[in-house]
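Let me begin by handing over the structure; questions about it come next.
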Amino acid sequence: MDARYLSPDPAQRTIALNLYHQVKNLPLICPHGHVDPRLFADADYRFGTPVDLLIIPDHYIFRMLYSQGISLELLGVPGKNVAETDHRKIWQTVCDHWYLFRGTPTGIWLRDELRDVFGITQKINGVNAQDIYGAIAAKLADPAFSPRQLFERFNIEVLATTDAATDRLIDHQTIQQSGWQGRIIPTFRPDAVVNIDTEGWNENIQQLSAVSGISIVDYRSYIAALEQRRAFFKSMGATATDHAVQTAYTEHLSQSEADAIFRQALKGEATPDNAQRFTGHMLIEMARMSVEDGLVMQMHIGSYRNHNPLIFENFGRDKGADIPITSEFTRNLKPLLDLFGNHSNLTIVLFTLDETVYSRELAPLAGHYPVLRIGPPWWFFDSLNGMRRFFDTVMETAGIYNTAGFNDDTRAYPSIPARHDVWRRASADWLAGLVVRGIIDEEDASEMAADMAYRLAKQTYKLG
Amino acid sequence: MDARYLSPDPAQRTIALNLYHQVKNLPLICPHGHVDPRLFADADYRFGTPVDLLIIPDHYIFRMLYSQGISLELLGVPGKNVAETDHRKIWQTVCDHWYLFRGTPTGIWLRDELRDVFGITQKINGVNAQDIYGAIAAKLADPAFSPRQLFERFNIEVLATTDAATDRLIDHQTIQQSGWQGRIIPTFRPDAVVNIDTEGWNENIQQLSAVSGISIVDYRSYIAALEQRRAFFKSMGATATDHAVQTAYTEHLSQSEADAIFRQALKGEATPDNAQRFTGHMLIEMARMSVEDGLVMQMHIGSYRNHNPLIFENFGRDKGADIPITSEFTRNLKPLLDLFGNHSNLTIVLFTLDETVYSRELAPLAGHYPVLRIGPPWWFFDSLNGMRRFFDTVMETAGIYNTAGFNDDTRAYPSIPARHDVWRRASADWLAGLVVRGIIDEEDASEMAADMAYRLAKQTYKLG
Amino acid sequence: MDARYLSPDPAQRTIALNLYHQVKNLPLICPHGHVDPRLFADADYRFGTPVDLLIIPDHYIFRMLYSQGISLELLGVPGKNVAETDHRKIWQTVCDHWYLFRGTPTGIWLRDELRDVFGITQKINGVNAQDIYGAIAAKLADPAFSPRQLFERFNIEVLATTDAATDRLIDHQTIQQSGWQGRIIPTFRPDAVVNIDTEGWNENIQQLSAVSGISIVDYRSYIAALEQRRAFFKSMGATATDHAVQTAYTEHLSQSEADAIFRQALKGEATPDNAQRFTGHMLIEMARMSVEDGLVMQMHIGSYRNHNPLIFENFGRDKGADIPITSEFTRNLKPLLDLFGNHSNLTIVLFTLDETVYSRELAPLAGHYPVLRIGPPWWFFDSLNGMRRFFDTVMETAGIYNTAGFNDDTRAYPSIPARHDVWRRASADWLAGLVVRGIIDEEDASEMAADMAYRLAKQTYKLG
């Protein structure tokens, strides 16, 4: 089983295993993800039941079950309707349908996590469901399974959370003051105050005024408040910002245009067209601030959020109903790149849900512009095939040194080692494929394996 | 040769062969195709010459020859000009250029068909062309080569034809009354009465009035007539409908809007824009009817039909001049899914000619919405590489259980076993690749092989 | 090392090596590229320093270094600012960062070129940089390294340059009159006089008047001048034209419309929309001329040129800042194909930077229209993975006989053998993959290997 996820070719597998063994124990760099900082603020945090930990928060799992007709209520997902509360019953339902995950990344993450974190080697099915539930529950009761203990066991060097611009970062302050040595840092994500067509944007702006201490009445004070928050996040250890946008559209507005749209928005009168222009302008403005404060700028492009109104109305956001759309970067990013594309103090990491842009746009762009790095395969593409396609379509043109290494991007904390392990195995196997084809030698492959597993993420996100 | 189409890696090949042997003799489920029901209505049906059977009706073959400068007239394709009538001469022309099919699915289907159905193991070329012609002709004269006999020999469990909404299904009635046990069922395809910009739409509507017995004078009577036809098709065994549309655009019109456009169309005055809106509306209306009558809804998206006017004017439709275009599903299907995407009594099978949507749109959509299933690789992608790309880009996100198994989609009746065999080999090989990489175990692989070869198609199309 | 770039599977590798050995010494057909004809006009031409030869003219190399923050000035690229002139220092900078090219086609081309052309087997790095520089410089001083000598050593059968419509082809005349036997032919590239929004278009038209001897005052005289130039190029040995356009848009204008836009352009008053329509019309006009004079028409589609204004202003064109965009052929080419798609005297070779069109549009189009051939993987896709994807997505639908073989498309003259060698190895490996899977037999594979390495390019470009 040690050779899992590697090519069956004996020559390639031998080299891949050798490379993998060189990197498998390197510390984990987690520069982007959605783990709740509360896990680490409370030294005695407990995960609850196996279902609290593994099912209810994981939209990768319940979307698949939902696609086969199992209601989210039956899975205990909280919403407007009464949800199942018997966690053993929920677990049984999941295990009865676990065959749905055959051949999927979710299937292998959970298997690897159960084995490597919880010591459970049985294959999940309806028969042994309750046994496995009991075994997980027993482990979770053990203090060795607190988030802080696992952090050390997982050998995580640094873990970044993702936090709203209006967040006061209380948990991060608690962690820093606790004396615990784990490095947990925030990431500045201003979507809710920057995308003026977000539901509740006006209240978000009021909150932004409150936390920044700057009364936001116009575009100028708004920018000042954002700069204040960035400085605060940076003071709390942040090295990056994050921007989730449907398209990569950028447009530079004049101060007066930006101000006019901002004032419309305050009155709830911004048109959809102006909302898009303003978002596009704010991406440029965020790049400008990054040039000044050095925060690495992440752009996650291409998700049509909350596609299913029934699910959104009953259960809210992040319930597995976000669907990708086509993306375009060459033309959309040009206004931003025209201004800041050649700047030595800026790093922008691009993520996409449209794999066609890998070879056509992202690799040529990152293979030219000094500010650009390509983020690892995201979301649906954080998988063995997703990685293989990423390697095959990006690396020839961009080289690995214009990529950003790996990040796990997860809210499922105990799956972090499994996710990094898949990446390390996949990259070792890809590199071994280059060696057996005489494209690179083993010396280069060793360096590249360490770069991909550890160094590129650390350097790109300035985590040294 | 038993290992054909399988990976050369010895470990993978061994497992693949094992899986293939488990499924190769399962009955054939043929839920979508274009075989003429007349073949089975007439117990003594004969196929004519080898050219009648293999060349003249097969646009996969003559498009390739045409692309290299061989006129359709020389290949005996009927049209406005005088066509070659000497079938031995036509066959010679085809065989002289058979090298064009090296490495193509058409090349391997015909080779496999000649060997497995006709017992001919010689490789086609200009020298042995006449020998092979004679050998095929001799077989075709044998009563064992009647369609009904072959149906049993091919081990076909059920075969669905594709029939116009206005078809009276006389052949299907004849088959049912004949006492023959073969299960041949119709499929309801209303394109010619639903797409109001179809040439001859008005006559089609008159025909629809005639066959339904409902005088169509407005949108309301039009809908009633369509419902009448669906009920009739269902009574004749149909379990599915089929809709071939250039785009997946859907839009819900009010009754009065729909009626207004319908009346314009009756007067020949519908604008292209209104035609598109009406088609988009009718897809939603067909989904609504499927919720009510349970017919599985198939959507074939993305073919620009009759791209070459010279060919269309001289030879008509389906002459190898249909060219794919980009497709979009995430936004286009939303109006339909908003209404019916969560309905337990609806199944929609999506087919595409734009492979970029596999990983970006179809797999995430089908991996969430209960009503969606992804159809197998279609047309140009019904091939070894097309299947491999389909498996690699769809299955991680959707799982195999949101796919619809295989269908052969062919009018070339004797090629059906070869087509299913390619799929069974390709899926066995893909599963073996997962096994040797430790992604799934052999137990799961066995189940999945049977699902992909047989069960998924049967279940998706309600053919149990 | 002889098995480099081949599959590690022993069975496939053995067959691949056998096929490769059959074609590796076939003469090189170079029907499209950017080598300067001056290299051959001057019998004593010398390449200058290793940096003059290998770095300064090669945007593949310096774009990658630039993407990692190394200025073009430091690399000696001439522009508005002072550039480094110490070539040993430039070479050191390049070698210090040579790790950036790990796994890239540029990396393997230069390695293969240094070994096979210059006899240097050391791996480039910062330590041995000066040694390697000295070794290359010593070779370049040797008369055996003149372009003409290398032409013979490389076994080039014919090499086409790419030349402006206004070029008087003085170098080609010199070569032809020199008595040297190397076949160097021009290619007619009229972009600068056909795309009316090109900077300097009006001066280009004046030049066109001057060289053609036809005073261009309206559309009619403009067409006459272009026809005169084509006839001249043909008299000088040209067999092809080349058209680099951002999109494949075609539109047939009436004479009077074309004339009206042309006159606007002469006055500098053409709108962007009219510029696009005129370019689209001129593609059709060029096809019409090709029907008449038999010149093969090449279309290179999809590059957004000079994306980075800072680089363009300081260094000009072709500096690694051209970025691909999405392309569309099915609808865009239809007006042209409606007129000339079935013509027996026309060949159009299509190139794309958007790989999604391979399987969706190019293969189905070329698998039907007699005039179409698909060019080999272009630019970023002239790579091992680019070729593999090309083979996998194009060949099943189009067959190899609707492709145009290989061309190196390079201005880096001494890299030509390495580029053809990569193609020959990649195609041998792909064919071996078909053999071990039982898709084709070895006899067919041998024919196909020779077709792909040599015959298809020669025949497509009428170089017999």
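Per-chain numbering from 1; labels A, B and C assigned in written order.
What we mean here is this: contacts are C-beta pairs under 8 Å (C-beta built on N, C-alpha and C of every residue); 3 or more make two chains touch, one makes a residue touch a chain.
Note that the coordinates shown come from a computational prediction; the quantities given were computed from them, not determined experimentally.
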Problem set entry | Interface residue overlap between copies chain A and chain C, same or different (over half shared) | different
Problem set entry | Degree value of the rotation bringing chain A onto chain B, based on Cα positions, nearest 5 | 120
For this session: Would you mind pulling out the distance in Å between where the CA atoms of chain A average out and where those of chain C do?
Result: 40
Exercise. Considering chain A alone, which of its residues make contact with at least two other chains?
Worked result: 9, 356
For this session: State the interface residues of chain B toward chain A in the complex, per the touch definition above.
Result: 9, 11-12, 328, 330-331, 334, 337-338, 341-342, 344, 356, 359-361, 363-370, 372, 392-393, 395-402, 433-434, 436-441, 444, 447-448
Seminar exercise, completed: Contacts from chain B onto chain C in the complex sit at residues 1, 3-9, 63-64, 66-69, 99-105, 107-108, 123, 304, 307-311, 320-326, 353-356, 380-381, 383-386, 389
